[in-house]
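Below are structures written as structure tokens.
Next, two complexes with chain A in common: one pairs it with chain B, the other with chain C.
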Partner chain A sequence: MPVFLIRRVLTMVLTALCLTFVVFYLTNLPPNLEKLAKSEASSRMSDADVESWIERNGYGRPVLVRYGEWLGLTPGWTRTEDGVTTGRCIERGQDPATAPLRCGVLQGDWGFSTVFKQPVSQIIAERLGATGLLMLWVMIVMVPASLLIGVLSGMREGSRLDRGLSVFSIASTATPEYVSGVVLIALFASSSTGLSPWLAEQGWISGKTLFMGTATSALDSGITFWNFGLPVMTIALYGIGYIARMTRASMTEVMTAQYIRTARLKGVSFGNVVMKHALRNALIAPFTVIMLQFPWLLNGVVIVETLFNYKGFGWTLVQAAGNNDIELLLAGSVVAVFVVLMTQLISDIGYVFLNPRIRVS
Partner chain B sequence: MDALSWGQIFGRMAWQFWPVWAALILTFAVSVRFKRRLGLYGKLHDSPVGMIGFGLVMFWVFTALFSAVIMTHDPLTQVSGMKNALPGFPQKGAEGAYYLLGGDNLARDVFSRMVAGSVLVIQIAPMATVFAFMVGITLGLPAGYYGGKLDTGLSFLANLILAFPVILLFYLLVTPEIVQSGLPQYIGVVLFLFPLIFLTVLINSRLYVKPALRNLLVGLVAVIGGWLYLSLLSSPGTRIDLLPPQADALEMPGNILIVFVSVVFVNAPTVFRIVRGLVLDIKTRDYVAASQTRGEGPWYIMLWEILPNARGPLIVDFCLRIGYTTILLGTLGFFGLGLSPESPDWGSTINAGRRLLSIFVHPAIVPALALMSLVLGLNLLADGLREESLKD
Partner chain C sequence: MDNWDPSKPILEIENLSISFFTRLREIPAVMDFSCTVMPGEAMGLVGESGCGKSTVALAVMRYLGKNGRITGGSIRFKGRDLTTMDDEALRLIRGSEIAMIYQEPMASLNPAMRIGAQLAEVPMIHEGIGREAAWNLARQIVADVRLPDPDRILKAYPHQLSGGQQQRIVIAMALMSKPALLILDEPTTALDVTVEAGIVDLVKDLGRKYGTSILFISHNLGLILDVCDRLCVMYSGEAVETGAVAQVFDRMRHPYTQALFRSIPLPGADKNTHPLVSIPGNFPLPHERPPGCNFGPRCTYFQAGRCDGQEIPMVLLPGGDRHETRCLRAAEIDWDKPPVAAKAVARTPVGEVVLKMTDLRKYYEVSGGLFGGSLKKVVKANETLSFEAREGETLAIVGESGCGKSTFAKVLMGLETATSGKIMLFDQDIQDIPIEKRGTDTVSSVQMVFQNPFDTLNPSMTVGRQIIRALEIFGQGANDAERHDRMLELLDLVKLPRAFADRMPRQLSGGQKQRVGIARAFAGGARIVVADEPVSALDVSVQAAVTDLLMEIQRKNRTTLLFISHDLSIVRYLSDRVMVMYLGHVVEMGTTDQVFSPPYHPYTEALLSAVPIADTRVKKKRIVLEGDIPSAMNPPPGCPFQTRCRWKSQVPGNLCDTVMPPIRVLAGDHQIKCHLSDDVLAGMEPVIRIAAQ
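Moving on, here comes the complex of A and B:
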């Protein structure tokens, strides 16, 4: 087990290094730097001005050296011009002599966002919190719902209930977030169509619409059913189908096992067989699937946060990518890679604990 | 002229789709008549779920084929007075012309744009999936069969691409600055090479005992495939401008090529992992050992012994993956990446329509439902195929 863990962690670090280098390289291609210079200094710079801006701000040196700077392995650049020393690690107004030699990720300095004009670490922490809240609610809705659907349809394979629920789960996997989001908004959050006008006419809802079409207010004035219902439903809907299908597959397999038949012949009631005998074994496979859904959720989160204008991690990632905010993008990809690889690791380890027959060599 | 009622709208839409209905009826009549002789495709018609899925998919395929007849208006023309028109609104000054599903915020016909959008999806999604499968199979077979360092390296690369959030990858590949640097095209240069390699190895491993025929076929692949390869990649005014315009047979607009490349790039690693897993399972079978004892070459075993026996799961995954590719294309459009803003593809249309979603629902919901029905059809089709292929 320790050897396995160490190997996995090393692979993780290597993957993260490779990925951040790719992101670093792509965001630092000459056309991107030119765009950055124009948006930072002035949009009407001449080519010569752009070049000198890039040179003055330390973007002119080889990519590998600057990647090392970002990591904190190589010393940050310094430059003395007219007696004033500027540098990567020297903050404005700071005495160059007191500035640290290296400042990078390893020193805990994630850089400064050019879009939000804030330290990257602060933005990421704040936005991750917001997204974590969204994820938490998605999980609270998605996991019980999908397990219930999967178990119900898997306990009697081929029954009418099974057929109906299977069609539902196929339909939900066929509906990407941007489609279900639009459909749900049209149904529940539009003042002219869908259910809201009818409900308002009946006097069952006090506002104009059943749900709100944006989730922006959830961050300022707290989460309510009204502003958070639709985003959570939109993300959960896409995941429910997939997890339910996996649960169903594993449940049908368990229900045909010998010990289930024995229990039935012994005279245990069907409900008890499902609850006490089948369920525990049937839930091992979905556990892995649920863990591996996290990276997928990350994807959905980006779409849903953009659609509902919820300022979380996904929204920030889109803003950073759209405006070529290099350091924010790098930090974002580190977080994303970390989430993906961590969930893989946890699902592997959890699998071993849940199923003692499997041993990790 | 009065606006149409919902019954009239659906009646007129059904009438517009008449070539599709005719083609669907013909397809199903022929398929059901000869279903015992058509193998897995014929058996699909025994499963109601599979039939429904197949019907939905073919509906959009035929819609794309006959789009010129079905469209009532030009998808890009703006008609004055039709801005955000409600479904069934008559066009001023033109007798009998209606915006069947209303107008969008630039006064274009939503119905015609939906039909035009199907053309883009049906053109790109299956082709991109085929390319992704070629790449995944060509790399996955040796990785699973040989194992060792090759497997470790390729698996690491695949996991690397899969660890990227898809949307971040799209943003990095498809933004104008990166496109300007030619990077997506260079990726295309590598990725599009795989179908050529695949076909050449496929022919060579089977026909190396008949050198004359082998040389002829490999030569044909090299000439025709190479020409297609070059004309697909080179487009004037970009970094890769190899062919003179006279010889350029396939003119793919630059931004569609980039979308195509990035979709293949995202899909290929997953196919690679599936193929590799299947090969690891199948290579322990007796018939593989038998052909090894016969002295067959490794590529013959991989392509002519292992691959045909892995076809079941691969066909099912192929259907699912076309659906996934459709979703990816929509995602690209939704974030306004790659395709031009006025392009009628479904993702871009949803993105344009969502801004006014709480007031005017129809411009966004029509393409959304269209996309959903196509993906649903593909998923049902895959489900039917899986069920039928497990029966024997």
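Moving on, here comes the complex of A and C:
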């Protein structure tokens, strides 16, 4: 077990290194740096000014060296001009002598966001928390619903219930979030179309709309059914169909297994066959899929957070990418690698507990 | 249920017809089937695959799937008709009154549930007792099916038990509610013979102890003789003969039953003097059954116009105990006339040594589980294997699963290389040469016929193309035309019509596929053929034909045949010499007569005793081996067989526990690896006796 864990952590570090280097290289291409210079200083700079800005702010040196600086392996750049020493690791107004030699990820310094004018670590922590909250609610809705649909349709293959639920899950998974999000907003969150006017007329809802079309208020005044319902539903709908299909496939296979016949012929009732005999075996395959949903959710939230103006991790990434915020993007990719590999680790360990056949001896 | 009269039959099946409905057509699986099981009686259902015997069993359980339907007749259990019962009433009967034991124990146990929970479930459903009491009952029943350490077993998952233990658990599960009727569907087919013997004994004892009636389904006539009181022979969806076991075995009155008995190797059959008689033709497909008698087209007593002109009813035979047959000519045929003797052939003379193995060893290293345990374990698959095989000889290699017989074949073929020792093929050392590095000559001269003909042919290539491909690889023939001709000749050799060259494997029956496999093996003029259980996946009536084909090609080509098998009946029938393996060791080797008569190695003795023989005249000594084969990863010290040997006490001191026995050469180059003294060996009694007629 420890050997296994160590190996996994090493994989994680290696993957993070490769990915961040790719991101680093791409964000540091000359046109990107030029854009950064213009947005940081002045958009009407001359080419010569841009060049000197890049040179002055330490972006002019070889990519590998600067990547090393970001990691904290090579000493941060310093520059003395007109008697004032500036440098990567010297904060404004700090005495250069007291500044550390290296400041990078290894030293716990994730850099400074050029868009938000805040330390990257602070932004990531805040926004990741917001997204985590969203994901938590998505999971709470999505996992039980999809498993229920999958098991119900898989336990009697070809029945009417199966066909109906299959149509629903295929339709929901075939609708991308930017479509379902817009449809849901039109249906539930508009005061002029959809269900809300009718419901308001009946006097069943107090406000004008059933749901809110934006989730911004969730961060300030707390999560309510009203402001969080639609974003959660939009993400969950897509995942529900997908996981339900996987569960159904696994369930139908298990239901034809011989041990199900054994159980039936022991006199176990159909409901108990499904609950006690089939369910655990049928969950082994979808479990991996559910764990794979976490990294995928991280992508999915980009669209939904933008659509519902919820300032989470996805929204931040969009902002960072649009403004070539190098250090924020790098931190974002480290988080992505961490999330992907952690969920895979959890899924592997969980798999072992679900499936006694591969239990560690 | 309570007012049921115990002198009445427990199960009465009357004129039962079952069909499966597909989109295309209705496929009748069972037609007009009747049978009666009395309380405490063991009824056998025999027939080849596809004859509908399992369908009958599942129909009794009313578990025919979505497509299956009972189209006529009735099944009465304790006087109540099961065919009209609703689901809830059925559920109460399933598992409590009727229980079933299945062919594959591993597949029929839930892999994600502890054994104890699976067992305890039965009384909890049917008797409504508490969890605690149910587990206690489970512990008791597990001890009843003679499993050691019940507490550990109850907490185990199915995959942690061996095949024999799993089947005992399935039996225990069936007995949890003390059912009145036990249905066993080929319960031992997936198990080794010595394990099978234990299971059969157990079923018989438990049946007696609890007074349970048994419906025993098998294709193995020997097992039926061991277990059952009465039997019913099925052919193509119909019962063709039914009666008391002794009566049907000794005074069979249906041509199919007779043909079946003549196609299985019984003691006394011999490939040269008394060859087996195979049943000509193929089993009819369910929707292509002939008019009249289903067996008509394959029957030697067939009379055109009569046998195919009318429906044949079941008729009661005079002078028997409810002995019935579905044959119009039962009274006319001279049943005692010996079969038209196939021509006896001269024994093939044995030639030069073509293959010589000296001290061959093959070890495997296996690593730990998923989480990278760095502990390496060594599996000793073959230990000091030494033997010679001569041209034109049949050497049988016998042993149960895990004894290393397949590893040996792999090493010989070059799929693995030997750990140490020598293999001399003709004049060449080949132990270290993997198959990719062997010359075309070497590869084509050592070929293999595989166990499962269904998996070994490429499903998307015609039969002819596959054989031509083999010819190309073996460098036979100068051009395509020549190879095509050679392919047709090979089809002739294996007695397949030349038109089969254009067929796809799926259009062939199992026996035909195996013939293609044989043709492929002989494509390069193989001089040594390793046949790895070539007939064990085939039906009895086809087995004889395929075996005879192999023998015939051997005679013609003077091929050396290494025949790997666990079926001692067929080994006795066709081999010249026999090598018995246990846990990677050769424990006994000699001519067929030497091995099959005393003195035996204790393991050979147990093996011989375990093989069921379908002959009422044969009296066997019952030796049931306790426990399982030890793991090859952790073999016992000293003699590999010491953990299960019944002769161990006859050896002075603790020799068996500590010292690996030497190979002893007895009279006539008969080798035995055992510590027993000459006196004890000489005093051994034969396991099989044929009672005087």
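To be clear about the criterion, the second predicted complex is superposed on the first by the 354 of 361 C-alpha atoms of A that agree within 3 Å, B and C clash if a C-alpha of one lies under 4 Å from a C-alpha of the other, contacts with A are read in each partner's own complex, and residues count from 1 in each chain.
The rule is short, and it goes like this: contacts are C-beta pairs under 8 Å (C-beta built on N, C-alpha and C of every residue); 3 or more make two chains touch, one makes a residue touch a chain.
The structure presented is a predicted model; accordingly, all values stated were derived computationally and were not measured.
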### Task
Would you check which partner chain A:V182 touches, where first means chain B only, second means chain C only, and both and neither mean what they say?
first
### Task
Report for A:G76: first if it touches chain B alone, second if chain C alone, otherwise both or neither.
neither
### Message
Is A:S333 touching anything from chain B or chain C once the two structures are fitted on A? First, second, both or neither.
### Response
first
### Query
chain B or chain C: which reaches more residues on chain A?
B
### Query
Who does A:P286 touch here: chain B (first), chain C (second), both, or neither?
neither
### Query
Just chain B (first), just chain C (second), both, or neither: which does A:I170 touch?
first
### Message
Help me check something: in the complex, which residues belonging to chain A touch chain B?
### Response
11, 14-15, 18-19, 22-23, 26-27, 29-32, 34-35, 167, 170-171, 173-176, 178-179, 182-183, 185-186, 189-194, 209, 213, 295, 298-299, 302-303, 306-307, 317-318, 321-322, 324, 329, 332-333, 336-337, 340-341
### Task
Sort out for me which residues of chain B touch chain A in the complex.
49, 156, 159-160, 162-168, 171-172, 175, 177-178, 180-181, 183, 323, 327, 330-331, 334-335, 347, 350-351, 353-354, 357-361, 364-365, 368-369, 371-372, 375-376, 378-380, 383
### Query
Contact residues on chain A for chain C in the complex?
1, 3-4, 7, 158, 257-259, 261-269, 272, 276-277, 280-281, 284, 352, 354-358, 360-361
#### Entry: Complex contact set, residues of chain C against chain A
61, 63, 66, 91-96, 99-100, 102, 104, 107-113, 121-122, 125-126, 157, 159, 170, 173, 368-374
